[in-house]
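In what follows, chain A forms one complex with chain B and a second complex with chain C.
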Partner chain A sequence: MKVIGTKITTNTSLFLFLGFLVILFSFTSEHFLSPYNITSLLTNISYSGIAAIVLTLVMISRGLDISIGGVIGLTTVVVSALYSQSDPLPIWLILTIGLGVGAVVGLINGWCITVLDMDPIITTLGAMAITRGLAYVISDSQSILMFEETTDFISNGVIFNVPIPILLFMLTALIFSIVLHKSKFGRSIYAIGANEVSASLSGISVNKTKMILYVLTGIAASVSGIILLGQTSVGMPQHGIGAELEVITAVLLGGTALSGGKGTIYGTIAGVLILGVLFNGLTISGVRYVHLQIFQGLLLLVAVATYEIKTRNEVAR
Partner chain B sequence: MKSWLKGLVYGDDIVGALVIFLALLILFFGLMTPHFWSSNNFYAIIGNIPAMAIVCLGLMYVVLIGDLDLSLGSILGFTAILAVFFFKVMHFPLWLNLISCVFVGGLFGALNGVIVTKIGINSIITTLGTMAIIRGLAFWIATDVDAMQIGRITDPSFLNFARYYFPAESRLIPITLVYIAILYGASFLFLNHTSFGRKIYAVGANEATARLAGINVKRVKLVCYIIAGMLSAFGGLVLVAQLGLGEAQTGQNMILEVVTAVVLGGVLLTGGKGRLTGVLVAVLILGVIRNGMVHLEQVTDISFYWRDVAKGVILLLAIGLYSVRKSFNAKRLRTRQ
Partner chain C sequence: MKPTLLKMSNIFKSYPGVKAVNDVSIDLYAGEVLGLMGENGAGKSTLIKLLAGAEILDSGEIYIEENKLDIDSPSAAQENGIGVIHQELITMDTLSVAENIFVGQLPINKKTRLIDWKSAYKKSSDVLALLNSDIDPKSTVGTLSIYEKQIVEVAKAIHKNTKILIMDEPTAALSEKDSKSLFEVITRLSKQGVGIIYISHRIEEVFNITDRITVMRDGKLIGTKPTKGTKQKEIISMMIGRDLNEFFPEIKSEKKEVMLKVTNLNIDGIIENINFEVKKGEIVGLFGLVGSGCLNIARSLIGIDEIDQGEIYINGKETSIKNPKNAMQNKIGFIPIDRKHEGLTLDFSVKHNLSLQSLERLGSGFLVQESIENSMAEKWVKKLEIKTPNIDVQVKNLSGGNQQKIVLGKTLETNPEILIVIEPTRGVDVGAKMDIYKMLEKLCKEGVAIVLVSTDVPEILSISHRVLVISTGKIRKEFAKGEANQQELLYEASLN
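And then the complex of A and B:
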């Protein structure tokens, strides 16, 4: 145990686990490795993956955002409601407003958490209720159909045979891994997560950095919402219920510590892939949805317990 | 600012402020809508809060030790399914059903408590996981057992568990109110007048100090989780008997409202501080808002769904006010020195 723990890094073991899952499911289902299934698997995970990538930064700074699901629902409703007006605005403006929804929610979250020094979990729990409630108010609890070329292209279009959601996911991952691992801004995120007071004393503007992170998370959630809207062609307030659990599980699975200051984009990508492969593989092997929910909860607990025990062993050594 | 107003906003005791807020809400809805002030509606409000009040009491124990339990809504939902299962499939009498359900609730609470205290995982993440697991188990039973396809119960011997009135003819005091009085009364005595109850406050206020003072911190925490689970199960049974229906979705969005009530009631999220009266008044406030919004929708065009928005705003205001108070008090301490 000790030998394995020291020789293989977290990320390597995550990708090994991913490989194990892929081999396992290719035996349990003949359709698992078909090109169609792989494409649909990757398309499905990109929607939560985009939010997970950005949430990683927030969690490294020792924050958390559980309003993601609410923002997804509100974005789909706002965009589809604006489009279904008798004289709709141009689509680029509607989509910008959709992204603005996430930005505004993120701004309010960030303001409450930094300026008012409120607890991030409770703040975003409140934001979750508000966004979900507003989605119900705006849509009057109805589903709003939306067939539109641009959103359809964003969700179902392909460039060089690669679906656009996957490209968006890869692009987000690339940009944020450069930001996090290669820029000064990224280093300051780690510093804030490790010790906020000392980060502030060494000249990092803590509040501004955190505020930017929450706004980015909001925007990422809105992007997820727009992708979901295009995939389903319907905007409804129930969209994204439970998305926060999925996203947080993926980030924690990827080795980001809840206590902040630790985590990588590669880890989160591995976490998102593992979750996606696990759910796709289990579904295609005939496991039912009710059992998937149980698996998801167990996976979250096992992932966090593993890191907790590992950290404790390291401290003991 | 007037000194009494300052006292209300910045003072340690927020129960007074909550009561005034509740009175203003009742006044507002009474003036705006024609049927809000009526004995029928009074019973409607009272009838709506028992499960909430009981689960809030459960969460209060966990928050007092500085943790948070998000799985309570799922435990309530699982109990709802379990009660129907015991009643329809196992044909348990009511007392056995009650004991078994509360026992299972306690088991789930113990599971949370063991994971948090033994493995040391953050309570929010632990209960986020068990929330999904327990809800999944509830759906599993609900969909796989044939007798559960319709979770309706019509037998009065079971329904009277929550539908009985004292005295029976004049229907004056609902039995659910008696449950609330007993549970809150017992908790009051337990928390304030037993040494174990004081230990709960001590652990929440400062874990390290409590440990140095010889308190078995892990045991205190475990007991709090078990109490929370048992109370949620009891709340689930009350809800099933009230509705005559147990579904896997029962209590799915409840936990947000429960956390809001506990926070609004002045229980510190960092633990060690909080009063039962505050939580009870906060439960009433949320109940009045929920009921009042329905009345308001009747006379104005305001959508009923604004209540969800109102819930979130109240949660943010409650926490925001607490933050402002904290920084004000810190400043006051500094100026004194």
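And then the complex of A and C:
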């Protein structure tokens, strides 16, 4: 199958690049391949990885969500603020409300994008500012400490020696790769991204599908937020600043097309891993955080440029 | 004899599977209006695109005033004095008249290097005056009438020394009065020595304003006749050819029950008081020129165009159809006019396209059951004789005819009882055409009610049991099979 064929080659070259990075950093730093560093690397990428997996679906449907970082910040603040009340709600309810934050933001994003036919970038840019602003207002710009067993377990616990965030990331990847690649719903997502008019004429509920995708992305961002909260034991409005950049870079790096209709979960996993390895490797090789930002920006541009060059060649053929 | 302005000789242009222009040669004299006629798909538009630089020819030569030219881009065409007015108006509605006329070439003040608006407006007025028009160059184009927009397009095409002006169906959206004014403009321009190539389906007006008429059919040049002394009948038979009738299968309708009934359908300003019914196993043709409202009737039946008034009855039951999904649920299938943008997902494989409309039947649960999908696809590839290496090939790699068969198969998989078919054989080769007609015949036998919208005159006359002629949004005439000939049909459709 031709489509699958190109997918495999794209993904193979991504994993080859990943292998190259791993070998490179194992030379530049003796600590890179230590079990401790690998575990910490994987745990760190899990939090943005979960959002990246779900965003892949949105981007395949030719959408975008840049409110992810804002939702992460708002979720940490809402959850920690609720917990710090003198007589807090049960933790399961607080966490559900936390996930509800993302769901509501996603619902509003989806509604604006489908019913009002607003541009996804602008809509979610607005949502990004609003969520971040709300986080500052609710927290009164303060950090809210939260030492709580369940969140601590979610973020720092292990099952069979594997940290739970990594398990959550793997589970998300598994579920959504089945949804995207094997389900009828997944097929509709590709159809909408590749040609919305023909999808609609084929009886696919375009608006409903998009709405679900934005809600799912919102919830995924909230999950990321809860993990981050547990890892840091503090809810604060600055949490998740720049996360959208990281997540979008990972998805694009994984070969998902900005123009919709193309992309895979495997690709996104590769994108997340490359980004994580690159950051971790550069950090332990002594590169400063401010410089990492430049690398991240460059990587985003390279990812998009590669895609553009590839499509141009395809058209030329 | 007037001097020759343009000479196109032995022009060839092929697309995958179609010889769109096949050894065509034409001449155009200065100050002449040359009519270019032919059925849809005859190759007129392609020929014009080659001249306008929108497409590049495979082989052949183009001479303007004896100079051989390579027209490889729209700007090369413009620089050589070729102006084009396209069928669809492409004015920029939010900009002023002057900005539209001088798009990209607004006069610049030498000193300030800024746009010299005074001169832009002055020059615009001059060009418009040539066209006998007093449109204010400062006004916003969006506020103008369709005729005025048309004039702006003409002004845009002629403002820089245009020697050759191509007009593609310029009266399609104009009223009779506005058309007359446009003809005066055309006469004026030709008196100034401009050579005009005039494309239209409206035979009457072509006979009124042209000096000679060139007819194309199936990509070939059939002939060029002086307008004076030639009969309309001759041109029509040149356009359609005589041997076409035997090409169409005889499709019998035997059933009596009414499947689809439409009463008093109205879309404000577009269609008015449309009433008709379609029996099981019957093909009802809707025929109209561009902008007649035919397409809107079809689109309202599947919930794309919203109706302002009227009822749709399916199997005797009043049904409101809100969107294409709703139409599908009511067993209405749809073959859209534009297979590349509406009918197919070009990046999808053959099988993914064929199953897209029937996802819910690919297994009982949430997941796609691939075995069902594969056999679904294999079934249609066989039934419709779709020529493809395998079912996993992307449909963008297939020929037009095979793509059209996939659109048909995809819809038929939903088992429609009513089928709305728009231009089913446009840009399709002869073999695939026959296959598509055979399929329609088979569907009739199975009792499917078919509404056929087509501007292909021989096609609509031969395969419909009845033809309704639509013009300016109303049903003007109904012909039973065999009652009308092609001339009459075209004549009725061109009445206002």
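Details
Just so we're on the same page, the second predicted complex is superposed on the first by the 309 of 317 C-alpha atoms of A that agree within 3 Å, B and C clash if a C-alpha of one lies under 4 Å from a C-alpha of the other, contacts with A are read in each partner's own complex, and residues count from 1 in each chain.
Everything that follows uses one rule, which is that a residue touches a chain if its C-beta (ideal position, glycine included) is under 8 Å from a C-beta of that chain, and two chains touch if they have at least 3 such contacts.
As the structure is a computational prediction, the values presented were derived from the model and not from experiment.
When both complexes are overlaid on chain A, the residue A:L201 reaches chain C alone and has no touch with chain B. Between chain B and chain C, more residues of chain A are touched by B. By the document's definition of touching, of the two partners only chain C reaches A:Y190; chain B does not. Of the two partner chains placed around the shared chain by superposition, chain C is the only one that A:I178 touches, whereas chain B remains out of contact.
When the shared chain is aligned, chain B comes close enough to touch A:D119, but chain C does not. In the superposition on chain A, A:G261 makes contact with chain C only, while chain B stays out of contact range. Shared contact residues on chain A (touching chain B in one structure, chain C in the other): none found. Note for the complex: chain A touches chain C at residues 1-3, 178, 182-188, 190-191, 194-195, 197-205, 261-262. Partner chain A is touched in their complex by these residues of chain C: 302, 304, 323-325, 328-329, 334, 336, 341-349, 352, 356-357, 359-360, 362-363, 366-368, 392-394, 410, 414.
On the chain B side of its complex with chain A, the touching residues are 68, 115, 119-122, 124-126, 128-137, 139-140, 143, 256, 259-260, 263, 269, 303, 305-313, 315-316, 319-320, 323-324, 326-327. Of all residues in chain A, only 112, 116-119, 121-123, 125-134, 136-137, 140-141, 245, 248, 252, 258, 290-294, 296-298, 300-301, 304-305, 308-309, 312 touch chain B in the complex they form.
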